[in-house]
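Two complexes follow with chain A in common, the first pairing it with chain B and the second with chain C.
Let's turn to the complex of A and B:
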């Protein structure tokens, strides 16, 4: 377990010198900041700001679909490209420790970014009276934590398949968009659309957590995605050694 | 310390190494000498626990490399052929990372010691991305030594270095060999002769010879090449001789119906050859031997190496 943290720590620190991670964070804060201030501006002109701390969340979710692949693309692909995985796997590191460590480092970094976005609800809270509904906000952020973890785990898994970050980026992006769009198919009735909405990445978020409803099923969905993806990533690296 | 038996590795259905059996004692520097594509890297990777063999077994310090992989990996230091480093880390950070993954006690002290050992004293804060090839090689060695392993596996540690750097690294390795078992691969004959206590020669995935550099020199120098000419097409003759059970290399000679055979030293196969050819209903026109030197063998080996590199 200590090994996981050592790997996660290196990965986490690496994000602070990584151009991709910088671009992603700058993009997130520019777009969110822009949306936020436009909202505040028109709110003030209209004389009223809605006491809702979530105005930046749905743009954030959209950005995350594109940001996640950029964050995860090199996690395992680069180790395989540079051959450094050869040293990791010939030192007493188990493959799952490597995969989980990589994912944890990326998750830590994204949690930091997520934490910073909390500024926006705090500002709204100050500007409105009686302030925002903290319960709803906390549920919405809790949901984000779980959703981001799952997205990063999927990206980690895809990264294990490649020796080059670029295809890892595009495949992860495609998969993210698929899991997102599939939710649109779930709006009808019948078994097919029920399955679709059960698989959907965002349906699990917007239907409950975003509204302040913490449903165990949704959390289990994201957790299963996370665990399955990390498991698959481990299996991929394991099988690549046997070739 | 190292015990390898019947080691075989197939990539798909291509055999990269076949039936390698050898041992290395504590404190020994064992050289693994062979041309490009001989199977050196494949063997090193299996020994280091990076990939499993198709068949055969490896025991290092008494532990099976497959069954007790973690125990083996704790006890070896490994320098892969292309030294894998993280360019964005400083030498110190890198060694700290590798050392902590290996759970080294008193890590700071060990890093200092190992940086001293490989003469990187003044560079420890330099970023790896800015280092010369020679310095990177030393960082790779430092990484392999950080946990004071009983066994060191070095895959072509001097490849791509300039002559001055080569001498430095060789001296470094010789110094290390006094305390631990070192397995070192190389395609340079003089390197093996210079550093190693014992040398294994492999070619096309098979062991060709194994001895001390001195014995090898005299033994191989005495080995012979046989030239055979018969009333047949060269191709047919080659095929015929290759059906014989003895291990030998058969190549086409200068004229039609002529082949050159290099057999393992110590076995005179001339009577067997003569019988084989006559039994096949051919006329034997010529059967003679020519001497062959170690240098000549290696000229051949390096020639095939150049050809391989050209194809890549």
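Let's turn to the complex of A and C:
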């Protein structure tokens, strides 16, 4: 387990010298800041600002769809491109430790960004009398933590498949878009639609967590996606030994 | 060349498997083998054969050798892990557990509903009939139904059905409006429109305590026909009432001069001929004993100079006078219709505050002076201020003149529907100046049908069976920030936060450049 944290720490630090990570975070903060300010400004003009701390959360979820593949694309693909993966595979590091460490480092970085976005609800909270509903906010952010973990794990898995970050980015994006829109197939009725809507990445977030209700099923869904993806990533790297 | 071909067989396998997956999901969604599925499977076979034909050695290599051994191991292991998690997810999905973090416990059922759910004697099914076009409403009701299911502890299940896909099922349960729920309990069921915790709980109470309410509709004066499916008939009223478990039968007081003891409600729907003195006497006695009555009138029914005994009774005993006019509103798009501009706060109109009702040709109602008494009257539906009650039917019929006459015409807002309740006897009446609005032709228009059905519920006393503990609802409002604060927010959100990330990035880049 210690190895996991060492790898995670190294990976976390690497983000602070990565131009991609900086562009992603600047993009996130610029878009969120813009949306937040427009909401406040025009809300004032219209005389109505919703006393809701989740103003930036739905745009954030959409941005994450594009941001997480950019964060994860080079995690394992770069190691394979540069050949450093051979070094890692022959070192006493176990493969799952490597995969989980890489994922944990990326998760840590995204959590830092997520932590900064807390500033928008705080501003709304200070302007609201008697304050916003903290419970809803906590559930919404808890959901984001689980959702981001799952997205990053998927990205890590896809990154293990490629020697080049660019296809890793696009395949991750495609896969996430697929999980995004699959809920739309569930608008009908019947078992298949039920399954489709239960696979949906967004429905699991917006149906309960976003409303302020923590549903065990949603958390288990995201955790399952995370663990399965990390497991598959480990299997792919493992396969380098006999391919 | 050999090498190129080698790598070229792989895309065929990938495409083949993709096509297999696509056709499998297509089949899972449509549940039938159509052209798409057939083509997909054919394509899969063709692609796999081409892949094999280009490079048979590769397949042979896969099947033998080390790769096959390790590869199949990894595949089996991965499938096992995915399978385990699928099972875990299914178990959790079947046994939901939720925590409501909202400050006002918005998604937590009230103690009264919990008691009902704890004491469910047998399996209850809630079926939601939602077409895909109202999937947003369906998603909104889901958390509430989840709560019912969790607290029902295995005795309550819910599922959604698309009435377009399954029209027979919708018909079987008597569902007529999109986005309705059906609470099914043993052999009986009840349709719940405007789903809410209150409505579902009430339906459950009614189903758990059967004992049908009996409605009689008066016949013998060429009233509205409750068996008729023509546009002017009342067949839809009948089926809507039956879907709510009311028993409804005809009553002819001339043939059989008594109102049965089991009568819960008497419906008088636009008699074309006046009721006899004896009949009105029976109605009077019935109401004095705590009965319930709904009267639907129609303009131009009573001939001037002739007295209508039923209307006289309503005026003298209940203080509800039906004027001899018809409501006109030239500013509206339905000029000769009474249109609801305002509802009273009343159990009947609680659900339909946002839904207009309109009455093609309607008489207005006046509350006559009555001393402080035991009768509690409510002006249930009111028209707009621009409307008036045209009393000169003759000149309108002959010349089509519509003019407000200050002397004889009453100016809006006019009362279209009134309710009254005798607090001592417990009798309740609802009086409508119109009967067309609930006929088959107009029943499903806007809130028309709901207004009549809700009136029946209220008159019988089948509403408000349970009063749920009201939840505190915290009122929140944003105090508009000063201009200075707005500037601070602008600078902070658009410049300081992104700016500091850029600054930090440049600093790191500069440091690394110098240390190199």
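Just so we're on the same page, the second predicted complex is superposed on the first by the 242 of 243 C-alpha atoms of A that agree within 3 Å, B and C clash if a C-alpha of one lies under 4 Å from a C-alpha of the other, contacts with A are read in each partner's own complex, and residues count from 1 in each chain.
As a working rule, contacts are C-beta pairs under 8 Å (C-beta built on N, C-alpha and C of every residue); 3 or more make two chains touch, one makes a residue touch a chain.
Everything numeric in this text was worked out from a predicted model, so none of it was measured.
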So, after the overlay on chain A, do chain B and chain C clash or fit? They fit
After superposition on the shared chain, which partner residues are touched by A:207: those of chain B (first), chain C (second), both, or neither? second
- Query: Which of the two partners, first being chain B and second being chain C, lies in contact with A:114: first, second, both, or neither?
  - Reply: neither
In degrees, rounded to a multiple of 10, the angle chain B-chain A-chain C between CA centres equals 150
Chain A contact check, chain B vs chain C, more residues touched by chain C
Looking at the overlay, what does A:86 touch: chain B (first), chain C (second), both, or neither?
-> first
If you stack the two complexes on chain A, which partner ends up touching A:215: first (chain B), second (chain C), both, or neither? second
After superposition on the shared chain, which partner residues are touched by A:65: those of chain B (first), chain C (second), both, or neither?
-> neither
After superposition on the shared chain, which partner residues are touched by A:171: those of chain B (first), chain C (second), both, or neither?
neither
### Query
If you stack the two complexes on chain A, which partner ends up touching A:17: first (chain B), second (chain C), both, or neither?
both
Review point. Once the shared chain is lined up, is A:145 touching chain B (first), chain C (second), both, or neither of them?
Key: neither
Rounded to whole Å, the nearest C-alpha atoms of chain B and chain C in the superposition sit apart by 5
The shared contact residues of chain A with chain B and chain C are 17, 242-243
Given the complex, residues on chain C that touch chain A span 28-29, 31, 66-67, 70-71, 74, 77-78, 81-82, 85, 88-89, 92-93, 96-104, 106-107, 132, 135, 139, 142-143, 146, 159-162, 165-166, 474, 476-481, 485-486, 489-490, 492-494, 497-498, 501-502, 504-505, 508-509, 512
Within their complex, chain A touches chain B through residues 2-3, 6-7, 10, 14, 17, 82-94, 241-243
Listed in rising order, the residues of chain B that touch chain A in the complex are 11, 45, 48-52, 70, 73-74, 76, 78, 80, 82, 84-86, 88, 97-98, 100-103, 143
Residue set of chain A touching chain C in the complex reads 16-17, 19, 22, 25-26, 29-30, 32-34, 36-37, 40-41, 43-44, 47, 49-51, 116, 119-120, 123-124, 127-136, 138-139, 185, 187-190, 192-193, 195-196, 198, 207-208, 211-217, 220-221, 224, 227-228, 231-232, 235, 238-239, 242-243
